[in-house]
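My structure is below; once you've seen it, I'll send some questions.
The letters A, B, C, D, E, F, G and H name the chains in turn, as written, and every chain counts its residues from 1.
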Amino acid sequence: MAMQIIQKKPESLTDKEFTYCPGCTHGITHRLVAEVLDELGIREKTVTVGPVGCSVFAYQFFNTDATVAAHGRAPAVATGIKRARPDLCVFTYQGDGDLAAIGTAEIMHAANRGEKITTIFINNAIYGMTGGQMAPTTLLGMKTTTTPYGRNSNNDGYPIHVSEIIKETKGVAYLARVKVNTPQDVQKAKKAIKKAFLAQLKGIGFGMVEVLSTCPTNWGLDPVAALKWLDEHMVPEYPLGVFVDKVGDEQ
Amino acid sequence: MAERVLVKGTEAIGEAAVRAGCRLFFGYPITPQNELPEYMSKRMPEVGGSFLQTESEVATINMVYGAACTGRRVMTSTSSPGFSLMQEGVSYMAGAELPAVLVNVVRGGPGLGDIQPAQGDYWQATKGGGHGDYKLIVLAPSTLQEAVDLIGLAFDLADEYRNPVIVLADGVIGQIMEPVTFPEFRDPDTLPKHDSWALQGAVGREKHVVTSFDIDPVVLEKMNFELVDKFERIESKEKRWEEYKLDDADVVITSFGTIGRISKSVVEKAREEGIKVGLFRPITLWPFPYERLEEIVKGKKLVLDVEMNMGQMLEDVKLAVKDNAPIAFYKRMGGMVPTPEEILNALKMELGR
Amino acid sequence: MPKVKGMIEINQERCKGCGLCISVCPTKVIEFSDSFNSKGYHPAEAKAMDKCIACSFCYHICPDVCITVYREIESA
Amino acid sequence: MTTRIIFAGFGGQGVMLMGQILSLAGMLEGKHVTWMPSYGPEMRGGTANCTVVMSDEEVASPVTEKAEVVVAMNIPSLLKFQDDVIPNGFLFINQSVIDRDSNRTDINVIKVPCNEIADELGNLKVSNMAMLGAVVGGTDIVSTDNLFKALEKKLGSKASMIEINKQAVMKGYELAKASLVK
Amino acid sequence: MAMQIIQKKPESLTDKEFTYCPGCTHGITHRLVAEVLDELGIREKTVTVGPVGCSVFAYQFFNTDATVAAHGRAPAVATGIKRARPDLCVFTYQGDGDLAAIGTAEIMHAANRGEKITTIFINNAIYGMTGGQMAPTTLLGMKTTTTPYGRNSNNDGYPIHVSEIIKETKGVAYLARVKVNTPQDVQKAKKAIKKAFLAQLKGIGFGMVEVLSTCPTNWGLDPVAALKWLDEHMVPEYPLGVFVDKVGDEQ
Amino acid sequence: MAERVLVKGTEAIGEAAVRAGCRLFFGYPITPQNELPEYMSKRMPEVGGSFLQTESEVATINMVYGAACTGRRVMTSTSSPGFSLMQEGVSYMAGAELPAVLVNVVRGGPGLGDIQPAQGDYWQATKGGGHGDYKLIVLAPSTLQEAVDLIGLAFDLADEYRNPVIVLADGVIGQIMEPVTFPEFRDPDTLPKHDSWALQGAVGREKHVVTSFDIDPVVLEKMNFELVDKFERIESKEKRWEEYKLDDADVVITSFGTIGRISKSVVEKAREEGIKVGLFRPITLWPFPYERLEEIVKGKKLVLDVEMNMGQMLEDVKLAVKDNAPIAFYKRMGGMVPTPEEILNALKMELGR
Amino acid sequence: MPKVKGMIEINQERCKGCGLCISVCPTKVIEFSDSFNSKGYHPAEAKAMDKCIACSFCYHICPDVCITVYREIESA
Amino acid sequence: MTTRIIFAGFGGQGVMLMGQILSLAGMLEGKHVTWMPSYGPEMRGGTANCTVVMSDEEVASPVTEKAEVVVAMNIPSLLKFQDDVIPNGFLFINQSVIDRDSNRTDINVIKVPCNEIADELGNLKVSNMAMLGAVVGGTDIVSTDNLFKALEKKLGSKASMIEINKQAVMKGYELAKASLVK
């Protein structure tokens, strides 16, 4: 009898320690992306396009060629790379401030063009990096540093449903909303991420996964409580599901 | 011998870019440079390149950033308001040391302004319209032939220094037709590959990273200092200008781009009337040829700066001239192009004639 | 019911003591260490390794990729 | 010597092409030339126009307020540009569309029934060439030889079209020559 | 027996002649908006926010206080006005380049905020003002000055369905797609426009009408043929309909 | 007597704006100025004002444009990359002559840079980061008390000249706490109403139109000339600066903002060592006090310009000093703030001591 | 079937001769004028006014707001 | 005289508040003061810290590399800042959390069992006030009078809390005084 490794840090991650807060699920999603790159064997032809947000250091974590886009513009940067080098695999990793606020036009049009890129969209209902301001995805009533009295739809608008919106563009080849707050969900999330990459690799179109994620620091919760809060508050507003799937089942 | 052909400015620029090996063009329509993306939309597929009409100038410049990350030659073109929207991206590109050629066909401003020729974006181009410490190499053609030649140069300088280069034109350069001679097509193998830093997939090598930031100010300062070194290198090597009939001149006209060409007629007309006028026309607006201008103006009766703006290059002229000669300024604005006659009149007024 | 035998390794220097692994381990293998790591956190520690069933839950939920999971196999 | 020519008319009247062919002819003649269109929202509903500057020296300003020659292909163009002709300059009027006279008496006004000429030749589209011929006939700014070379170059492939265009040019040319003699 | 005027130029238009090409249906929609302002009696409390596009001169045509927003930013400008003066009625008038390309983020977020403004969105499948370049709404295969070989989804993306997308934001109180190429449709369009203003006036939220419109000049068609082309090509891609109606029926 | 309170820079600015009658704030988060929108999100509802977190800086500036169209006092705040994104809108506002106060808490650049204090946006602020011919009034506070005072002034100047005003700060000003005294609340009735042009509904009057353009270059040129006139008026009336121990000085330090305050320590320390140093600190970066500086430097041994950038104000200093005194420059970049000691060392080096 | 009697007025100076009104008039009241207006267009002209039924179609479709429509009423 | 004090610790340890109260006390004392936080992504997972500069003259740079006083509330802070203390300066160590010694021998090191003090008083949250008291006790940088005034001002409404905070301050104060005597 011997011990065999069944799970370990994927090759597509560098050794650099994540800069995320303790218990922040950004890290889980990083690992999932790296596992998918490993499994698809595409690390050496992948370019990571990091955002501005807590994941601004993503370029240090993924063991691929990488750049950091201006806040919100990762889909445009990825488009530039992909048009120049269609043989490369290009993905963006973006937060909800980055993608759903300042970067709204870029993500909508990348999706609508069916740009052959993949986007990992971290919805944590908050601006993490800048200290807990309202995100477009912040829930109604939620207190943030810029909604000190709670988000009020009359002044601040409504939580934005990115996936529901993006599904209305024709260039999308794969689109799903997942969460990463239980081991089971983590494994499901990985399947979705893999498909979002396959949408690109197979040349079908734009692939995106919206990942419901925690921000213990700015939610003011301990990491374990944050996992639970996600189920109780985020999921009812942002139902999980596969919105578009033109990739089909993997054999 | 290459043939002379009669082409439109925008097309001349487009074809010159293609011949310089540019195979990537991103752009958003805006008058008066629409014919350039239009030309590229036709031409790029012919040469196996890629043309994309973007959703905005903000997206454009970030696509250019992305394409430049791969080390390939890439260009965009816009006009004033569009260029303003690109400022964040331009600053990122300069910070990340990305080569690219950016064409700004300047129109009347500020704001929506109008769509006639103007030079009101001189400061934006030369002093950094975006945030932070950076410089763009700025080339200002005054004829279509020069535009064609400068486009080739722009790509070469961009690659050599890993820095964005602006070609600053205006509606006149963009819209006119003139005869030009195109250079040969660049052999793709002679183009710089940028293998040492470009993003091409980390096959059998350490990963490459392209970024304009470091969270640690100690490191960022080092990056800044390196940029400054580069800018000083460019300043010492890349100043370009034209001197026209300056040897015996009493009066020096300083002007760039379209006014530069118009000023030549002023020189002629003035000389017909016995006024010895010469022209100093900076071709690189940055780096600006301060030293040479300073040398030239010593002992002159007058320096007349003429621009289609409120006096933007004028500051650089003053920095060069200092107290060595009196400086006068003549301007038109809002898209009005001065005639040689009115400039001559202004000159005579200044001379008290 | 044949019990699978597992084992985990925790990179305690990398660990941030978030406790997510502890919260998901079905067999309560993991607890916080009493000592600090050099970042100043109490890292996770597999204190009851014999209970490990190699379910990998801890691996899946660990946001800092600190955990390696092993499973006992017939030696080849 | 520098000659400035403004061509103006409706969008569909081939005004830009006239200017471009003349510029090309000028280039073949060894002259410095520039052609500059008016652009922008004016095109919508209003007039389209372009300016050709032809000179023995390098061309300074391609934009101009005054012109030696103005070509008006429709009424709005006439109204807009007739005052820009320099004294003793030329004003060409497309008589087929413009049912009125110029207010200028200090210039040479040449009226050309462009549409009728084109109609006669069996293709309304060549009416602009009739006008271009008239301009060259009236001003001798380029040789007909170079004009024809330019025309061939511009129209390129459609060899069939070249003949009829040349005919239109010649009709206009002769008409202008004749009207000058008068 | 006497003759009574039953239709005439509305008060909310100035005497300034439109700068549109002959037969361009921009003008029809202008008139409809003016009629609605007249009928609701709100001319004196309305601010027009014009776009950059062929309707850049809208500020001259509507007999209201008016401004011109930067290209695409009319919803932001309108938001600024409305937040400063909630008592005013503010509307934007925007083309498909303006609203659906460069202005994507601003319209999405104005809608999502439920900003109490009204937007008239002119979808003519082309950039009119700048000379006939591809718009995000240009149909597949359609030749424009920047799609000389016809719009190709692989390079240029797909026609974007603005109304279908915007309906997924929660702040929308009224949203419809209409056309103005027959007298009957024109009358229907007016009803929709009125409701989009009522959505604002009643404080319910954001109101928008997408108007399928012609561009005879850049479509290369005579004005009458353009009306027909709209039915034959635009309507199949952009089906008419009311997407959101929280205004209810007018008594 | 108003009380001294210990407040954070961002809050000081926010509260000063509220007291100046500002009831409209639009902003997008960006470090290091987040506490300002955060403060406003709390404070605006308390005073019956309106706070909106926007979707981007591009949206922000256009909302500010809209709010300013109504004649009400409006403010926004951002940091370097965000300000770059505002350039088109800023140019529109200047062209449309709209009053507003724009705060830029500058951070290290270019590109994403870092979030530490810097002064690399001097050119962008003073030379027009946007397209076309316009000028923004630029105020640079060096202490919190001055920041509070300049905010009030900024609103008044914006209203008086119908022009956007920038308050150019940096992370130091934004993040520190210092004791300040706030002015009284402005009586809303004393605020300018702008009834002659603002968009308020055309009730019983001709419609008002606010725009930055005219398609006719003849008209646009007229608009441009009027702007130039206004800028000249501002130049003649609104230059502000501080002189510190210049009377007997041999050496003039020029610096602004945070470096301005640090330089005072340099002056003291230098004098302790027997070097007679004084400080010239421009408070309005535009209009820049050229004439006064020119006067002052005559006969001085040295002008030492110190900035947290690659030498941006330096050009204005050169324009003023010309050949009247030798100029040296000391810089830190990338978010590094120099200490008085190192500046003094640099000074001594230049003096050969 | 009682026929409604209508009448239209066309602002011919404003008209751009697009022909939309002509194309929608159910009773063919309108035709192009033979003369030009000062913009150089052949404006629309109500050549068979007696056929007008005041349906307002022409008004609705006219993009340049050139048309005023009248209807005959019992005088008050 | 200018004194620079760096307070450093975890986010939740009340580090910023300590600095602010000290600044306020300094202001009440008639001194020039500035308080400057470190900001940015460092806060994530790392240390939070702020610098107080207190001076008889106007404060020039609020940023500093060296400091007369460093307060380390946790291990990372100790590691990061202990080298910044000037010779003969002060290093305050939160003994309850930091189980190690400083590497410096040329400075005054004062260890304060903040949590224990707070625990004794029945509220863990006042451990930062114990430290603040120790700082004032160790350095006499402000009077306890002004410190208490500042404390009252900052804590404001919660009168009940003020008493226990003051007690924590005094415990720390006395402990520091005592440890200096040794």
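Just so we're on the same page, a residue touches a chain if its C-beta (ideal position, glycine included) is under 8 Å from a C-beta of that chain, and two chains touch if they have at least 3 such contacts.
This one's a predicted model, so the numbers in the text were calculated from it and none came from an experiment.
Going by C-alpha centroids, which chain is farthest from chain B? Tell me that one.
Between chain B and every other chain, the largest centroid distance is to C.
For the pairs C-H and A-F, output the one whose chains share more C-beta pairs in contact.
Greater number of contacting C-beta pairs: A-F.
Distance-wise, how many Å sit between the C-alpha centres of chain A and chain D, to the nearest whole number?
About 62 Å separates the centre of chain A from that of chain D.
Chain B to chain E: how many Å between their CA centres?
38
Please output the residue numbers of chain C that touch at least 2 other chains, ranges allowed.
In chain C, residues 16 touch at least two other chains, as defined above.
For chain H, what residues touch not just one other chain but two or more?
40-41, 45
Spell out, as numbers or ranges, the residues of chain F touching 2 or more other chains.
Those would be 31, 50, 52, 55-56, 58, 81, 88, 92, 96, 111-112, 114-116, 211-213, 215.
Which chain D residues qualify as touching chain G in the complex?
10, 45, 74-76, 97, 99
Provide the residue numbers of chain B that touch chain A in the complex, in ascending order.
Per the touch definition, chain B meets chain A at residues 24, 26, 50, 52, 54-56, 58-60, 62-70, 72, 74, 88-89, 92, 96, 199-204, 207-213.
Which residues, counting only chain E, touch chain B once they are in their complex?
52, 56, 68, 70-72, 97, 101-102, 104, 127, 129-131, 133-134, 136, 145-149, 155-156
In the complex formed with chain G, which residues of chain E make contact?
Touching chain G: residues 1-9, 13, 17-18, 20-28, 30-31, 182-183, 186-187, 216, 222-224, 227 of chain E.
Quick check: in the complex, which residue numbers of chain B touch chain D?
For chain B paired with chain D, touching residues are 4, 6, 31-32, 114-117, 143, 171-172, 175-179, 258, 261-266, 268, 337-340.
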